[in-house]
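Just so it is clear, A, B, C, D and E label the chains in written order, and each chain counts residues from 1 on its own.
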Amino acid sequence: MSSQLIFFMLAALSILSALFVVFSKNPIYNVLWLIVCFFSIAGHYVMLNAQFLAVVHIIVYAGAIMVLMLFTVMLLNLNKESEPHKSLMLKGASVITGGMMLLVLLAAMRSTELGAYAAPAVTDIGYVQKVGMKLFTDFLLPFEMTAVLFLGAMVGAVVLAKKEVN
Amino acid sequence: MEQQILQAHPQNWYLVLSTILFSIGVMGVLMRRNALIILMCIELMLNSVNLLLVSFSAYAGNTDGQVFVFFIMVVAAAEVAVGLALLVSIYRNIATTDIDVLSKLKW
Amino acid sequence: MENFLELTKLISPASLIPLFPLLGFLLTAFFGKTLKHAAGWLASAMILISFCLSTFLFINLPANADLSFTIFDWIKFGNVTLSFGFLIDHLSIIMLLVVTGIGFLIHLYSIGYMHNDEGFARFFSYLNLFIFFMLLLVLGNSYLVMFIGWEGVGLCSYLLIGFWFKNDAYNDAAKKAFIMNRIGDLGFLVAMFYMLFYFGGLDFETVNAGAQTLEVGNTLLVTITLLLFVGAMGKSAQIPLYTWLPDAMAGPTPVSALIHAATMVTAGIYMIARSNIIFAMAPLTLEVVMWVGVITSLFAAFIGMKQTDIKKVLAYSTVSQLGLMFVALGVGAFSSGMFHVVTHAFFKALLFLGAGSVIHAMGGEQDIRNMGGLAKYIKITFYTFLIATLAISGIFPFAGFFSKDEILAASFSEHKAVWVLASISSMITAFYMFRVMFLTFQNSFRGTEEQKHHLHESPWTMTVPLSILAIFSMVAGFWGMPAVMSSTHWFGTYLAPVFEGSKAYLGEGHHLDHGTEIMLMVIATVLALVSISIAYVMYVKNKTLPEADAETTGVAKWAANKFYVDEFYDKIIVRPITILSDVLFVLVDKLVIDLVVMAGAWLVGFTGRTIRLVQTGNTGFYVFAMVIGMMVLMFIQLVY
Amino acid sequence: MNTLIYTSVLGFFCMLAEIMNLRKLIIPVLVLGLAIIFGLNMNDWNLNQSYFNNMLKVDNFSVAFSGLAIFVTLLVFILSTDYYENQQNHISDYMTILTFILVGALMMFSFANLTMLFLGIETLSISLYVMAGSKRFDVRSNEAGFKYFLMGSFASCFLLFGIALIFGSTGSFDLAKIADYTIQNQQNISPMFYTGMVLIVFAMLFKVSAAPFHFWAPDVYEGSPALITAYMSTLVKIAAFGAFYKLMSVTFFYTSFKAELILNIAAILTLAVGNLMALAQTNFKRLLAYSGISHAGYMMLIILSAKNQPAGALFYYSLAYALSTIAAFAIAIPVFSAAKSEDIDTFNGLGKKNPVAAAAMSMAMLGLAGIPPFAGFLGKYYIFTEALHSNYFYTTLVAIFASMIGVYYYFKVIIAMYGKPANEANVELTFNFKLVLWVCLALSLAFGLYPAPILNIF
Amino acid sequence: MLSLTLLSIPLLASLLLLFSRGAMSRNLALVFTLVQLGFTIFAYTVFKAEGAGPFDYMQNWSAKPFINVHLSMDGMSLLMVMLTNVLLPLIVLSGYNRETNRMHVFYSLMLFMQFALNGVFMAFDGFIYYIFWELALIPIYFIAFNWGGENRAKVTLKFFIYTLAGSLLMLFGFLFLYNGSPANSLEWSSLVANPSCSCNQSWLFWLFFIAFAIKIPIVPFHTWQPDTYQSAPTQGTMLLSGIMLKMGTYSLIRWLLPIVPAGVQEWQPLVIALCVGGVVYASIIAIMQRDMKRLLAYSSIAHVGLISAGIFALNRSGIQGSLVQMVSHGLTVVGLFFCADIIFNRTKHEEIEGLGGVRLAAPKFAAWFLIIVLGSVALPLTSGFVGEFMLLFGVYQYNTWLSIFAGLTIILGAVYMLRMYQKVVLGKAIKENMVFPDLMWNEKIVLVSIGVMIFALGLFPNPIIELTEPILKTIIK
């Protein structure tokens, strides 16, 4: 039953870290907690035979996105002081709403019975070549289109951030 | 060994887990006023989705889910880039990331 | 057969009769400016022609034959056909003669009377138009055609009363006349609807035929006749719709003579006589007619006693005389009624023209208190006026005597009480007529100096008609000598075929034996003489003058003020309606209805303005709203 | 297929042009290119083919809507020449992004796989976030961009969650497969599927700015540069509705009844909110935003009755709506730039200053208000027939009342133009604006009078 | 096909006018309206000879939603078309010797209006009918708004939204019928042939009735009307009162009665009471009105109230009477408003109290004014009498007391009309040396022709009655 134990530990970790992300005051801590959360999720990936994905996940999120965030935090030097004040009512309301959200979603899906593991196990779905094959055969067009998306985003970022030359 | 792990706990757990994470993300978005944090919470939500997808793909033995996760990551990256750019340009103008300040446009 | 051919020969002249006045109207209306005073002669000529045509018909219409012909189909819908046609029978011929004859004389008179009025041509165009409509009224072979004339004459009286349109009081009088007539006309109209609905037509044959299928006293007939009588009340100025007639004296005097004495106001009597059958079949209505008639007659007579305006006196006497005529109709003596119409036409026209001539002489003065002793200045006028007065007072052998006597006799045989009242009223009539006579022509002149200098006899165009009418006022009576005096009652026999139909339903008007008849005559005459002598004593012997309005008191004051009927109407009808009008406009229209509409609009706008505030511009709030919205929707989805 | 690719290529061209200093060329080439692409697109008529293992499906629906999208973009680009006249140094970036927005829209019309839908929406949205905020030194523009960004990405999270759930229950992203799944086991469709569907519906409702997810629209429309607002209120809305309609009529064909109630409520809310809130507006762009919301409400009726495949109605209505809106903006933009303000008052006395423009504006407003003979009326008529045909009696009644209210605020503009005293700033329309303006109105009138080809296009 | 020509002449004319300038445009407008008039007369002869055949034009417009363009002609349509095309030249003519800015637009709108009106009267398909109905609204709105008097913006907007609200209800009714109808078509004949079930009819009735009642207007849907009449330019008011409200009454007969017969049967008592009540109500209000145009507006409400009452009496004389009265009212009301305009144009004064003595200065004008007034108070031998006689008889057949109540209009009508005439025309001149030139040539033409027509119809109403005979078959079962 070690596996379950692992699952629970990871789950607990991710939930806790997520909660910290939401609640902690200092932006820096937020970022760090989020990174923790991401690592825990990566752990889940590993358990779910998505090894390659797990790696990419670490690289992209922890490596790229969060660093970017961190940079921004530094750049705008956000800190506990600059953190806008939130009234208690707001907190309460959002907690309740979030909880409700959870309940409603679960209630909506309560009666789902998902088949347990479909044997025989295809344990290699997470391997690079598998993913690669998929990506460059079935999902070629979306893959190409992400290029457009990225370009758009890049140009956009430039448009917004570039110093005016005049 | 993966088999045991998978058989060990039913898929619903993942469903519940990611729903919880998702809701936490929502909660965060609702609660925080700092644009940057909100951005993070959104990332969190995205990740909960990723987790869900991965679990599905694992249980169904179907790679599509994982591939989709890639796209989500891509989009997330792009969004973050643009979002931060916007954030910076706003910060240039009004020197805050408090979204409550951003309410010139109303009624 | 050849009888029929003979009749058809009469069609064209008959249909020409109204055309000439119409032509005259058009000519004088459009070329009045160029015609100048020729207009007057032209107009009179036109009437003369129609008069000749009428006489032609009178001569050529074979005895107790009648001729009804359609000129064109006017309104046709479904199986209803309302055609425009004429009916020539003895009744209409009598009326034709009266209308055109007296009409012509009055035209002639007006040439002199209106000589230096800037509206000369216009006046004559109106007069011609009036004659045209009057002829339509008389000739029509259906209630609808009659109604055309009926309203047409109303219009003309409106135009002529308000002839001097600069004076707003006159305009008001004109409007009053028109509207009061309209009230009556509504009755007429509804009556027509009844007839059209139940008898399927409006021409007299159809209606009479339809009526005769019902039994006597049937509610339908009563309703119809009562409604018709409402119309008659309006036209012939009976209580309660009489108040317009005295005011109508605002018009030029010839108008009063022609319209408000001789012709138009008798239209009501004519109409009832015309529809004698259905009236005869509705005894209840006859009862009503009789009572209304007698009360009006008495009432008007009372008021007449206290009037000081010469024309007003005549006006009230007209009302009272009309009342008598209705009494005649009410007791079923249609021919007597018509007879009085004719004689009355003569002497009342004469009286008005005489009054006109007096006023003309006095330079517009109408108050008898400022007259007197005119006899020596304007002889012809005086004598003619005297004749007329005698006639109206019912002194033998003047016209009034015979006709009035007939009516009294008839009422005596039907209903003693009515006879008493009628006699009283005629007695009063004699009194106030001679009152006017004496005050105007006897004693010394009470007017101002320059009036005195101005006094002169009128031109021949005015005096000639006076004389002619005077002659008729004297002799007309002999057309209808009572049985005691002569075996032949020409007038009655001439009209007999017309009233044939109704005889059946009236029951034998139990004939009075000669004794009673003579007795009645004597009584009438005596009463008249008595009142005359009273008048003589009062106004000639000891020269009492009617005191100024201020001093009058008690009943006299009431009478002088016409029993305040006008004020009464003003209070209970006119004022409330005008107030209601404002109230409805301000309260209901502007306030309630418009407010409701506007409130709706405002509510929408308000909602918009309010919920718009939801758009706070706060992203956090938006997100909240979105999430909550989602949850609510999902929740609904779940429980639903 | 080709359409998509060539359009992307056009986008790349813009950037190259920047590098090679061919700025002057950019717009001419774009316009020309789009014209050609429009032709190519029409060439695909009646070839129903799917590409890349059914990632992309070209059918008449997608062709028609792509054509419309391209046409709209064409008009907007023609306007942009004068609009961006004095910011040449950014023009290539802007045009690139605008082109990519079109790419995204095209993907949303022709997707056959939720992946493509997702990517399409994101391409569209991310580029739009940028364009909305593209007036960098204008706080309002920033605000617009950022609000749009926050809420947009928040909404797409729900979209993704929905997609994930659907994938979980069906094991595929392919529309056809999903539809098959629903058909095969209609009895025991997993609740997860429904939840996913509902979440996707929410996301789409957000994109089409239907109440209660409409909050972003007015602020963003007001804050963004006028041209972008025009682009947003036409192309983006149409794209969203195209995708939405496709989802409801193809994928969720058998299960849509589960979302019916939600859609119904949303439709009524949208109609009410859009029209009522518009009443009290003073800012023209904001007014058009609300009017856009109300029009979304009308289009929701089509989504509701998606079962009867009323694609024709959707297309006709979108066309009518787009034409009138662009015409309105073609007048509004010069007026605004003349008056340095974006309020309705800027139109005061336009009837005296520039009767032609005023007349055109009135026509546009009448078109939006849905008054004959403009296409807008027939569009509404068609929609209402469809809605009644699928027994949405009361919703249609609400829509009728909504359009009563609608008249009022559209006429506010007309009254301003003819009834109010003129302000001094006088307005001249440049050739491009005139061109676009009259093309739009002419077409609107033409389709209003001779609608058969469009109405019965499918 | 003739119907197409009838439509195209004014349409083309209105387009053409946009490119003309100044007084030229007015002359052009006059010419075109006269051409249209001539063509209408020609059409009348054709109709007499060959019936509806040559006018029938049927063309499918769209397959889904199924829409047919169906133009045709029957007696009633022809009558209304003739009324329209007879009045238009007069209305244009009445604009001579008056200043109008941006004349070409003004007259172009007016001709467009003529186009739409002709369309309304010739449309035999619900959808097309609705389109024309709306089309007629737009030009008159702009006429009233751009050339109107004080607080025109508010008033005209009220008018527009009020009427549009009504017509949207009607649209909903049509949509419902469209869905219910077996062939999914709004073809008039098919709608008449198979009406929807009476359960629906009882509310469908109100959708249509309110739309028409607002247009007519029947009390209590009338509050837009006096304001609009007052503030609109006189020619606009003539269009509104002379022709446009006939759209409503016409539609009652053409669409409401045959399409929802059961509904009509159900609500007849209420509605007819409403109409008759409106007659008296409006008449009483008219009595004390201070502004001439307002007074005429209320009198017009009273008249059309009687017309609608006659229609809802659902009998031959009522309906045919209403048709006669529509024409007659069209003539008289246009004449009256023109007289009001003449007076205003001379004295710049609309308050009844402040006027008087016109008779002295302008006897001709006074005379023609009086004739038209008499026409409107339904004096025998005028067209008004024929109409009101038949109408009241129709109402009488439905209920005696109601008819007597409605008959009050002939009394009250006389009251307010004569009051106005007396105060305005008769009496002494209010201002000393008031300059009031008598009729100019164009005014003479207009008034004389109206007066002549009033009497002509009063003497020979049968042509109209025969013309409208056939329509009754569809209404009176």
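By definition in this document, a contact is a pair of C-beta atoms (placed from the backbone, for glycine too) under 8 Å apart; a residue touches a chain by one contact, two chains touch by 3 or more.
Please read these numbers as outputs of a predicted model, since none were measured by experiment.
Common neighbours of chain B and chain D, listed by label, are A, C.
Listed here as common contacts of chain B and chain C: A, D.
Once CA atoms are averaged chain by chain and compared with the all-protein CA average, the nearest chain turns out to be E. Put simply, the chain farthest from chain C by mean CA position is A. When C-beta pairs in contact are tallied for each pair of chains, A-B comes out on top. Each chain gets a centre from the mean of its Cα atoms; for chain D and chain E, those two points are 43 Å apart. Centroids of chain A and chain B (each the mean of its C-alpha atoms) stand 5 Å apart. Chain A and chain C have centres, each the mean of its CA atoms, that are 105 Å apart. Rounded to a whole number, the gap between the C-alpha centres of chain A and chain E is 72 angstrom. For chain E, the set of residues touching two or more other chains reads 161. Contact of a single residue of chain C with at least two other chains is seen at positions 612, 615, 617, 619-620, 623-624, 627, 630, 634.
Multi-chain contact residues of chain B, defined as those touching 2 or more other chains: 15, 22, 25-26, 29-30, 33, 39, 57, 60, 62, 64, 71, 75, 78-79, 82, 85-87, 89, 99-100, 102-107.
Listed by label, the pairs of touching chains are A-B, A-C, A-D, B-C, B-D, C-D, C-E, D-E.
Residues 158, 161-162, 219-220, 222-223, 281, 284-289, 316-317, 320-321, 357, 359-360, 367, 374, 379-381, 385-386, 389-390, 392-393, 396-397, 400, 403-404, 407-408, 410-411, 414-415, 418-419, 422, 426-428, 459, 461-462, 465-466 of chain E are the ones touching chain C in the complex. On chain A, the positions that touch chain B within their shared complex are 1, 3-4, 6-7, 11, 14-15, 18-19, 21-22, 27, 30-31, 34, 37-38, 41, 44-45, 47-50, 53, 56-57, 60-61, 64-65, 68-69, 72-73, 75-76, 78, 82-84, 86, 90-91, 93-95, 97-99, 101-102, 105-106, 109, 112, 114-119, 121-123, 125-126, 130-131, 134-135, 138-139, 142, 146, 149-150, 152-154, 156-157, 160-161.
Taken in their complex, chain C has these residues touching chain D: 604-605, 607-609, 611-612, 615, 617, 619, 622-623, 625-626, 629-630, 633-634, 636-637, 640. Across the complex, chain B meets chain D through its residues 15, 22, 25, 29, 35, 38-39, 42, 45-46, 48-49, 52-53, 56-57, 60, 62, 64-65, 68, 71-72, 75, 78-79, 82-83, 85-87, 89-90, 92-94, 99, 102-107.
Taken together, the chain D residues at the contact with chain E in this complex read 312, 351, 355, 366, 371-373, 377, 381-382, 384-385, 388-389, 396-397, 400-401, 403-404, 407-408, 411, 415, 418-419, 451-452, 455-456.
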